[in-house]
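What follows is chain A paired twice: with chain B in the first complex and chain C in the second.
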Partner chain A sequence: MTTAEYELCVASQLGKLAEISDFVGEAATRAGLDEGQVFEVQMATDEACTNSMEHAYEGREDGEVHVCCFIENNSFVVRITDFGKPFEPAEVPQPDITLPLEERSIGGLGLFLIYRLVDDVEFARDVGGGNQVTLRKHRSKEE
Partner chain B sequence: MEIKTTKLKRCDLITLIGRFDSAAAPALDNALREANERGVYRIVLDMSGVEYFGSAAIRALVVAYKACRRFNRGDVRLAAVPDKIKQVFDITGITPLVNIYDDVVTAVGSF
Partner chain C sequence: MDDCREPDHTLAPSGRLDALTAPEFDRQICTLPDGATKVIAVDLTQVTYIASSGLRALLVAHRRQQQGGGRLVVRHPNPRVWAVMQLCGFDQILDVCPDTPTTND
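And then the complex of A and B:
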């Protein structure tokens, strides 16, 4: 798979997250990522799609989330696009993971995980007026 | 996703099976609160069948920890955490804060 692109379009419903995960898992496996890398990409995608559904669409279930997977410069790329309200990653507080559990705040964990699970994360406004999140995971070896 | 609560003498054993993403996290939250509402604050989570545990599920867990550990009345202890889920707990800094046991029998026996 060097030029193949995989695309999935689902409604902005949390119940669709499992379908998205299976879709990305298959594309990542075909792209030659190992089991651990596949899991990390699936999880980062899951958290990014959750953000789209819960924040960009504010829980509205009639929106659309597009997930597109492809290979670029030996990286497996997942691009998630929504058409909800603008998402500003800089406004999300960073969780302090060194605090004792009792003092932990409960927000920001999804974004925190995304940054740690993939090699590169890029947020952009889509030309169609939505949010576009691009996740890149380097492939460990050439196919 | 499946959640099964077993009431034991020393604690509640909650068995989690399948995917715990943002769609499933409210059910986990409810199961943990339901135990608290019965006055049970000593809980073991059997994680052996968990395939995925996202940030929403982690939040439900953190909320339950805070509720259970308050006034030293109890704890939530984890049993048989699969490696890839353990990796998520490591990344999010949960691992050093919680008690994780190799198996359910040891976790239940720890109370």
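And then the complex of A and C:
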């Protein structure tokens, strides 16, 4: 299949998050997602890339984060790859958003948002030894 | 609404409140005088995007204020920022004053 594929490779620096967001926003818009869907994919990507930079690379800024966007089975897909230490999503506690703010755990909010903002999330170890997160957003107009 | 009274301090971050900028926002809140600050207002008028890091900073600030007997008030989140806050349940707990005028209005 020959659908357009967009790829961005940036250093693992938090200062690159805005650039990644613009890149994904443009690819998602070209793929026909509406404004709200574009924002949701941008935000889920932002959280996944933040995880890569802060946890997989533990703040090291000399790593690489690859962001690849493409269309598959009528879904807009964003695949984020890093080459940092393994990330285990199961080890991150899910926040209970029904708890009063005073009792909430501080962590886990990013992962919670990722799951809420896109239709499908897949975590895998990349063959190159890093982490691969695949986010899928269905290209339907009604949700 | 009582929470909308004149704050002792107002912070007005701008642009993206993400993993890059949230630590600086956190530092700004930490440098406010302890104890004497009863009401801290965070004016989000100029904030275009809030990530989980920004939400965490608000959560930490809220807790710090509560422990010191003060309050944290959030003002003017844009619709997108507000939607994210709602998604995470922050609308149920944080004091939000959407209609309070600011100097930027």
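Structure notes:
Convention: the second predicted complex is superposed on the first by the 138 of 143 C-alpha atoms of A that agree within 3 Å, B and C clash if a C-alpha of one lies under 4 Å from a C-alpha of the other, contacts with A are read in each partner's own complex, and residues count from 1 in each chain.
In this section, a contact is a pair of C-beta atoms (placed from the backbone, for glycine too) under 8 Å apart; a residue touches a chain by one contact, two chains touch by 3 or more.
As the structure is a computational prediction, the values presented were derived from the model and not from experiment.
For the composite obtained by overlaying on chain A, chain B and chain C cannot both be accommodated without a clash. In the superposition on chain A, A:G15 makes contact with both chain B and chain C.
Judged by the touch definition given at the top, the superposed model places A:T50 against both chain B and chain C. In the superposition on chain A, A:D82 contacts neither chain B nor chain C.
In the superposition on chain A, A:L113 contacts both chain B and chain C. Once both structures are placed on chain A, chain A residues 14-15, 17-18, 21, 39, 43, 46-47, 50, 53-54, 95, 97-98, 100-102, 104, 106, 109-110, 112-113, 116 are touched by chain B and, in the other complex, by chain C.
Residues 14-15, 17-18, 21, 39, 43, 46-47, 50, 53-54, 95, 97-98, 100-102, 104, 106, 109-110, 112-113, 116 of chain A touch chain C in their complex. Chain contact summary for the complex, chain B toward chain A: residues 19, 21-23, 52, 54-56, 58-59, 62-63, 65-66, 69, 84, 88, 91-94, 97-98.
Those residues of chain C lying in contact with chain A across their complex are 16, 18-20, 49, 51-53, 55-56, 59-60, 62-63, 66, 80, 84, 87-90, 93-94.
The part of chain A that touches chain B in the complex is made up of residues 13-15, 17-18, 21, 36, 39, 42-43, 46-47, 50, 53-54, 95, 97-98, 100-102, 104, 106, 109-110, 112-113, 116-117.
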